[in-house]
Amino acid sequence: MSNFTIPVGPLHVALEEPMYFRVDVHGETVANVDIHAGHVHRGIEYLATKRNIFQNVVLTERICSLCSNSHPQAYSMAIEKIAGIVVPERAEYLRAIADEVKRVASHLFNVAILAHLVGFESLFMHVMEIRERMQDVKESLFGNRMDIGANTIGGVRYDIDAERIGYLEQQLAWIENALIEVVALYRSNGSILGRTRGIGVLSHADALECGTVGPVARASGIRYDVRVKAPYAAYDRLEVPVHTLPDGDVWSRAMVRLAEAQTAIDLIRQCVRDLPDGPTTATTERPSIPAGEAIAKCEAPRGELIYYVRVGESPKPERVKWRVPSFMNWDALRIMLRQAKIADIAIIVNSIDPCISCTER
Amino acid sequence: MKTLTETMRGLAARSPWIYRINAGSCNGCDVECATTACIPRYDVERLGCQYCGSPRHADIVLITGPLTARIKDDVLRVYAEIPDPKVTVAVGICPISGGVFRESYAVHAPMDQYIPIDVNVPGCPPRPQAIIEGVALAIDIWRERL
Amino acid sequence: MIMPASLEMRLAEAAASGIRYTSETDAKGIACAWCTLARAEDLLPAAALLKAMDARLSTITVFQPKAPPAAAVAEGEEAPPAPTFLGGDVANDGSSYEIDYHFDLDGDTVTLVAHVPAGGAVDSLTPLFRGADWPEREMMEIYAVGVKDHPDPRRLFLDPGIEGAVLERLIPLSTLINSATTKGLWEKIMAQTGSPT
Amino acid sequence: MLANYSALFAVLAFPGGLFALAIGLALKGADRRLAARLQRRVGPPLAQPFFDLVKLARKRTMVPDIAAKPVFLGAPLIGAASMLLAAALVPIAGVYTPDPALGDLLVLLYLLTVPAVVLMVSGSASGSPFGAIGFSREMALMLAYEGPLVLVVAAVAMRTGAGMGARVSFSLSEIVAYQQAHGAFLFDPMLWPALLAFLAFYPANLGIVPFDIPEAETEVLEGPLLEYSGPALGLFKVMSALKAVVVLSLGIALFFPMAPAGLAGLAVQLAKLLLLMLLGVTVLRVSCGRMRIDQAFRFFLKWPLALSLLSLVIVSFA
Amino acid sequence: MKFFKIFARNLIQGPSTIAFPFAPAWTPERLRGRIVFDLAGCTGCRACEQVCAGGAIRFDKTPQGLRFMMWHNTCVFCGLCTFYCPTKAITQSDDWHMAHAAAHKFEMAIREVIPYTTCSVCGLKTLASAPNPVGVVPPFSAEEIEQHRQLCAGCRKKAMAERGATS
């Protein structure tokens, strides 16, 4: 068995995004991993201080298209806190709906990619087709399949009427049925189990030590979900179950995501049921934002997303800083990859649902 | 003899293989490219397209992202590895103009300063049907070059 | 979810040189506390206290607060001493750094605020929080602030081809080397869309 | 019996050469088409593998700077040539009996290892680390599946030999003839374990999921093929199309060669090939995921090896 | 083996592949596509320019009037311009057929000029821009809008006040 170093990335077909690892291997086993980051660094924190407060709603949405609803949501929440804007109740529910729609699509994408990495193309396509229904929902309700543009400062930019609610519920019913079948498949399929059980284990203690968040933490038994611990939008009025699993392996993370996708469908239904009447934004004009600073958090599909915004006298913010869930989970990757097989590298990396464009900004 | 060459070219043009380069995209265009290339609803395989893992097998290159400083050299190197004749499609507005990231210190958009681009597909991100439209345009260009 | 009422007192004990503590609770009952340290040296003991309370380090924000407008000085009078943060020894002159350490306390947020003069350095939190590694590396590359005893002070995201402290410098927009200036674009659009109106 | 073919014609035109290539490409096309249908897609036209070849022939072959050029370009040539020869070695019941001068089953066994060796050589010649990993995986996998194959062949050879009064017979023509006279081995319970072992062997030899480990796109970027382009890559496609025909024909010859004579025999052979391809290859590859190399290695040592050994033992004591 | 059930269903249901590009594709009504600019409705308030994150909108003064320019190749189709446009003079159509050969890159633009006019009351040089008829009771007729278009901002305010309108 020989020792050599293989480069993984930056342009690698198994990696959705450019990232670069230098992996020292001993035969087929990983000896050491060095992460070189920065390939998707676009200097957005710098750009955010060069654009005005309203342009930043759109700029933050472009940090990453998979969590593209969470960024403007947290950013808007921080600005609203500074300006003391009270978001109308209907808008809070609509924000929760947008959040959950994105969560379903994002989780299904990750779980589908897992099947792709295992070489199970049929399952990959099957799950992607289910996700495609959610993409249709996004395109029909919001006008775009990825960057849905739901949020604005003081509320939301979209509304749903009885006809659209009917369409939404019809799609949800279809997706819900399809998901039951998919969950059973991931629970029982030999190919999936053989490649994911006991792989890339992150123990409860390690998960705490690394400060992991989101499904990665919950799959290691950490019961933390921003929607429950620090509710925002309409989540304080919704029943949000938190799914945890004890094992912390690749399979557990996939199962937590699938369970959350199912829960998300239920949450959308709750929102639609309780949706109050009223305006969708606090003002129709651009509100004036006084100087101040604030922190806002929300649960992105990958975990806790935190924004810090400081506004001065100018229309441009003085500082916008955010930390995305993948930023914390990256470090845990080094633990998961210890003694892994080469064949499992991509599967393990994918299991934290890495969002490089979020992390590197 | 000429007709035989023409026929062969026509046959060859039915096998455009696609390769994707992510030059620092936000995931949006990238995920949409993957969706377009891989899922049954859009099935580009019926057009003879095949998604390949190696740049050496590629005919049509889909480039996404605003070309960040860190990835620039890698992108140029990989692009050079793609054998001619090839056609390049810029997917999304980032490679075309830099989009929202223009004027950042870490971004080198537009891409056409460094790589000849043949087809632009604007959108943020473009929907899969728009990407198919771009690929169809690219295949027409590619047939001429073959 | 409920922040211990004793937090202010305990932080004041841990940070010997003094603190300024404010706390607010929003409509949904989520608390957010700010604890400004008079001296950056108190950072480690204060962070250790939070660690003992099972806090999680969320992230670190660094920036240069703008200096307050200079007070008008009457003729013949001596100019007042330059303002400092919390009466400490770090000048509030627009060049000092404010470093905010955001901690999560089971849903609530506690922020420790430390001030460091230009060219100064701050203690690394990595001995207490493994997750401080990357945020501190990032801090060093986007501002010229130092971190003492950081285990891996390499650059994190910035390409070696980019000069450091990017958020601090007045960047002569990369547009100089790169034709992506918005102005240049509009000129090309005008040239290609016909009549000169 | 059309026994007097010139060997050259057999290798270049029928049943090897152009004929086998056409069949191989058509089988690949059918495979892709059915896979697409199972996945709710339209899929490519049947002739897609042929279009791909034409396209590759028109592209440029690029040789990496660090590659050993003669080996890099020679390897695919040798691979394709070996499969041309191999295709001429497999009898088609009622249609074609190979010239004994070309070689027997043992020669065929050797030829069948050539593509794997070629992939290893080209992987290491390309100088890419993924090529190197592909090399070691290909080697491990070959070690794992060659053993069972040899035992399967030995069991069949012994069974035939015993039936014909000799100890063993390594002549495929005799194996086919014996079955035509005494009934197919497919219905011989003594050889059922060997049949199962063979069913595990050929997906590994053809490099399809779950055993496409050396060429796994998402792990080692198509491994040995990573650096190939243009006509050289086309040669690999030719090799792989021919190999599909050879391996499936071998299976037919070993276990179920029954067919009428003449053109009808040819039609039956084609139908068998198509059925094997669709049921054995396509359905298998779309209904599961990839194994890890250690899992595959353990799998082969556990099941196919034991099964083929069992058959051999039964046959030798019968 | 659950998968074989799915395969059987897939074979029976047939491909789910859409016919595009050989037939038109489904387009949802709300799709945020190509920008449409209605010159007659624009008041030149430049709100769209200020909220545009991609810098795709630009106003500048020319001897003829106020020029509006918009370039689709840097537009993120976010819809913020439409959202904040007080007169909805800038909207988004559901047209997504924007793929084009790179040679035509800079032609993907909108270019219009809001011409200058002379105020019909005080004679001041002013933009022939739309009055802001939002909330005017009773609503303006087309003729009235045309008349108000010929007024400078000050005279228009006066005229609106005389009409007893609140805007």
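The first chain written gets the first letter, and so on, giving A, B, C, D and E; residue counts start at 1 in each chain.
In this text, contacts are C-beta pairs under 8 Å (C-beta built on N, C-alpha and C of every residue); 3 or more make two chains touch, one makes a residue touch a chain.
Since we're looking at a predicted model, the values are computed, not measured.
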| item | value |
| --- | --- |
| Least hop count linking chain A to chain D through chains in contact | 1 |
| Most distant chain from chain E by Cα centroid | D |
| CA centroid of chain C to CA centroid of chain E, Å | 40 |
| Distance between chain centroids, defined by C-alpha means - chain A, chain B (Å) | 27 |
| Interchain centroid distance [CA atoms averaged], chain B/chain E, Å | 30 |
| Junction residues of chain B - those touching two or more other chains | 40-41, 43, 46, 53-54, 68-70, 97-100, 102-107, 124, 127 |
| Touching two or more other chains - residues of chain A | 13, 38, 41, 43, 46, 58-59, 62, 116, 122-123, 125-126, 129, 139, 144, 147, 189 |
| Residues of chain C touching at least two other chains | 157-159, 166, 171, 182, 185 |
| Pairs of chains found to touch, sorted by chain label | A-B, A-C, A-D, A-E, B-C, B-D, B-E, C-E, D-E |
| Of all residues in chain A, those that touch chain C in their complex | 37-38, 41, 43, 45-46, 49, 81, 86, 209-211, 226, 229-232, 236, 294-295, 297, 304, 306, 308, 310, 312, 318-319, 321-323, 327-328, 330-331, 360-361 |
| Of all residues in chain D, those that touch chain B in their complex | 32, 36, 39-45, 48, 50-52, 54-62, 217-218, 221-222, 225-230, 233 |
| In the complex, chain E residues that touch chain C | 55, 58, 62, 64, 67, 69, 71, 74, 106-107, 109, 111, 113 |
| Touching residues (chain side chain C, partner chain E) in the complex | 182, 185-186, 188-193, 197 |
| Of chain A, residues touching chain B in the complex | 10-11, 13, 16-18, 38-44, 46-47, 50, 58-59, 62-66, 68, 109, 116, 124-125, 128-129, 132, 135, 139, 144-147, 355, 357 |
